């Protein structure tokens, strides 16, 4: 047990350290921003993270097969591999806290105009066609800053800390592979945060939400038919485009779930080779979503039945590939409260509640969150708010770098709070 | 063997008799015209035919179960039964000739205007909503006249004659049930004719065709889903209307057969109960056709697969009922020639060829024709041409009664030709 | 102004009267239950209501054209007319209170089994195929009981009361016609209630809700095409079934509104005459709904565009008929509170809040409610809860008759509260 | 006028010359085979043809804008230009004969296996991904051989000869642009031929057909919608994929023409960018065909209406581009007979009739043929038959080079026959 003086020294240390690290954090973030890598291809990113975690003094640094279960990865592109890093810090007996930071970038071409801050300051993406347009460069940086400080504070802590640097969050493809390797099984407290744009009323600080989000499933569908001459022998073909068009209309026509809002979108269809040939192949990319995991499952099951029957209707076969999945979830209110209290009372960070903020999206943090909550652990997903220059995923997205410092404070603070005894 | 004098006496007898019967035939025809009955409900019609065949001296008169195989009947309406009559005339050793006459009427309300001959002459339909708009009243009459004369001529004939009065030709529903009772198995020569409108060039007489017609299959489809409240619990229903609408579009979109013209039509759809209830049932009536039986079969198989998959796609079940079927067929050229020769040389009836006349329709004579041809017999379907007042199936359809006489001459003549030795 | 003694006498009078009326209310309710009439055909019902309002002493009893604006009625069936009644009670200077009671029955065949209370007690529907399965027999009865008592109490009241007996609530067809006659323009307070099934926790009493409901629009759609022979001349037809099937799939596929839950259902489709005729006419019944009036309008506009284009696509024409409409709405929280207070403190009725109860349905009370709120008035829709034997619209639906008494107490109580000064 | 000796010298000269040219023709053909160029990109091909026509002694050699009307070209790819060549030979007063040879290749990768004759002999395509898989290398060679000989024979001829080397026949894109430049207006006789595979019975020679073919129209369709986030704001998008899928099903469902066989195929569809974005663009490639130009026009008009309405239904716009067109046509029987007679009687080439051979395809020769026939000229399309190693358009297609000689004989022979007086 710590006495009050000891405790107050902890909060002071966190505050001082974080503030002193401002330029180091900024430099780190700009390096990652210059080198964005898409999901399952975060090779340089993972290498840098692993090196730094070693340097900071983590007891173990897991990489490659140690992080993700290979066959549980979803939506791996050509050339994709075993990315992601987990740093372990063992501080004796006590609970296990996992902090999760996502590390992948988006296939967005970054804005070149000079009123875009990274362009102006010369740290624009050097990987043409890719950009950290979702703030994950900030997430990585906050994760590394947090790891560095907690390594320094290990004597004051009692328990275990896992710094999980997760690949392929975009498209909700990566969390499952980490969960299936068992990394969440012994976790008592799990936290993660997302950069988020502030308002007039709350320009900067930590926003506590209910942790809701849409459950979702991402599917790729491939119809295989048979080509034949469209004038001379149409009856000898199996028309994959008729199957696909029937699937599109029926997928979009799945009756709403009565209890929970649902969504479906077939966003892409590529079919056929030439106008005088019965189409022999069609590739379709779709997603379903639901306010509850149950409603999402209803949509997914219905969708899978539709594509199967649409194929069969025209003598085609069909393959369905799971490309990503997220559950609906909730924050643990107790952990929410401890985070709120630490921020407000110990760290002097502005903090407020907005239960439904960020609830209209899908996050594969939910896979980890449900894994932890299923064995009685607590989970919390919060928002790291600063003024942002554009919406998430926009080619002009940028956050304020002081958010990096707030992030480090909040993660270190809540971890210290959880492991201080 | 007959000598030439004997033969010429036969032709003379046929000619004289037929011409003397004009007013008797006309009277008979008008009686049937006044009492039209739809398919499988030709109760009065069958009764009258059976009575007359007895009277004329047929050796056997088959009715009820003797005519049609009950379970092979298609498209039997509520109240429908075992109609149809077969008269047998045994004239010793020799080939078997079957003459087929169809007896059902149509659900057409007959024109009341006085320039419509049956209205003017007072023999308009007395069965409101039904009409002999396809000339089957004429076919019955020709069949009875032919039977009467051939019974009188039995001493000059060698072989067996079957006068087949077939029910439910409309919708191609009846022939199969007669074939499946085995009545065509021993038939060497099969003939039938249809009333047909003449042209400037050929106003009246006998037209010899190739006997082609479209193969066709008539299907009723019933989708069974599950009702639920459309706002509160749409996900608990199984939407039979989504299944049916998907089926309609895909049925109509079946790719053409490359080798033979095909057709499909979903002509009727009745689905659902109210706007705020997920539709739980849909009833659909459709037909497919093909220039060849193979092309028709391609359409039927594809159609059955579509309705099955459309149902399954929305968690519904489906039943498909065969309501009628006809094959593609051809006349035997040898029998065509004998008919032509008899008409032209012995009976003095105008006769000409028009191979593709009447080929754009479907006739279930084709079922009998294929049965006879499959064991080496010969079949011939010809047209009994006179000036007609309107197209077939129109509420103003009427033929000239002199066609009755020509019909009797042609059927008696060709039968005498076939059985005279 | 009333002094406290006077006031407490009012509450006592209401309580005593209502309790003394139990058997009269029950008798009245059973009479209406025996004679259910569907929307716009409540001729006997309206006659009885008008007679009783006269008898009770209303100053004016409006009927026929005085109630509904003829051309603003929606979904009027063949034989439908000018039903509905409004009773006016003028009690001098003061605010205007409108109480709305809906009076139509449903096309449901009432259960005959003896464990169904109305069957057991001999007051089952005598109008075969119709039933008060939504409790409107209770609503009428509560309205009449309320009118009778308030007429007796007129000396204690200051203001005007309108007893609105609205026809054709089912299908949300009737309210607009009353609004468009101006009856809500001078109303300061508007109240209505619905019979509702209680739970273990709240078996009986008054439930205060937020008054939310789904905005909805009911449309009938008629496609007009052109018939032709399906084998001989399909190209000469205009296929109304292809238009309708295309409309069904596309209507159901309208992309969800992002901000508010939406629904659509095509519940009924009747198309075509026979399988060998290109379908020349299709009749479709559909509804759209939305959590907000704006989302509902988005659905309606999209739906109207779809049916128009689907028709045009196949050379057909289309007519769209508005058959009913309701808005999304909200209770006025101030009126909610006054009702709650009166029930709880003066009338000793169990009362509780459940904001989202009954929010998954559509009520055309919303038309009246929005009319009143648009000029600054207050509106409140509450639930009259008792144990119910089956869900609303079920052929076994029944409520407990003690709810009649609670209803009268609540309506009289809140009116007295509003007009007592 | 020529006397008989003179005439017989002509036939002899043609025969001798053609046979002596075998190796020259073979060499020429292999050169074109090595350098296949797709439609509107036959730059090297056109250059070589023009050079040789000059060399052979044509009076005029038209190229570039002189051949095709720029704006009447259809389906011009990026990089495409003004290809095609017309050689003119003026031989005094007399009729005008046009001989048409098509010159473009296909986007087919030629087989590399050594049992494929061009691979074995070392003249396989050197333009990777393109191949003369439709025998147009042979057509060009026959045209050049014919031009060379007829230039030599000019003293014996009376009239004008046009050697039309047409670009972009594949996809029926090129003929119209030549017709619209007026080159067919003064033509009395028009001939063309296609390489064709022989049978056991007719392995090699000239096959006279009825010149029938399917009328066809090739259309590209571009739907333009509006992207939006599929979960957060689907209602703000305009879903081009819903429009396209609706179009696919309805296009394929266009009711058959009753009088003439029709076909439709949507062979290609490319739509959308990602699964979580409402699809904003869809590109579709389709074709319609008909046994008659009228039936083809019915299909085209219906198809254009469908895509327009499908777009409008979902708030999208649509552009339709005409990419190719051919008419239905017929050979002039008189010209057929003269060709048959010359081949059989003067040139000793095996010749036979097969009216419906090659009738299940579309040829834009029909545009020229109809132009000539519309002002009273005669047209003939015949088949130059030899044993072929695979079907047309296959990567192993090859014809026998002796067909080159037969082609030259036939074209020279019939031209001499037409212009000999």
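Residue numbering begins at 1 within each chain, and the chains themselves are lettered A, B, C and D in the order written.
One rule holds in what follows: a contact is a pair of C-beta atoms (placed from the backbone, for glycine too) under 8 Å apart; a residue touches a chain by one contact, two chains touch by 3 or more.
Small disclaimer: the values here were computed from a predicted structure and weren't measured.
K.L.:
Looking at A-C and A-D, which pair shares more C-beta contacts?
P.N.:
Most contacts of the two pairs: A-D.
K.L.:
Quick one: point me to the chain whose Cα centre is farthest from that of chain C.
P.N.:
It is D whose centre lies farthest from that of chain C.
K.L.:
If you average the Cα atoms of chain A and of chain B to get two centres, how far apart are those centres in Å?
P.N.:
70
K.L.:
In whole angstrom, what separates the CA-based centres of chain A and chain C?
P.N.:
Between these chains, centre-to-centre, one finds 48 Å.
K.L.:
Chain A to chain D: how many Å between their CA centres?
P.N.:
The answer is 56 Å.
K.L.:
Which chain A residues reach two or more other chains?
P.N.:
Correct list: 230-232, 234, 239, 242, 246, 249-250, 252-253, 255-256, 258, 263, 265, 278, 360.
K.L.:
Given the complex with chain A, which residues does chain B contribute to the contact?
P.N.:
229-237, 239, 242, 246, 249-250, 253, 255-259, 278, 295, 298, 305-306, 309-310, 312-315
K.L.:
Would you pull the chain A residues touching chain C in the complex into a rising list?
P.N.:
The contact residues of chain A facing chain C are 249-250, 252-253, 255-256, 258, 261-263, 265, 360.
K.L.:
Quick one: which bits of chain C touch chain B in the complex? Just the residue numbers, please.
P.N.:
214, 216, 218, 230-232, 234, 239, 241-242, 244-246, 248-249, 252, 263, 265-279, 282, 285-287, 289, 323, 360-362
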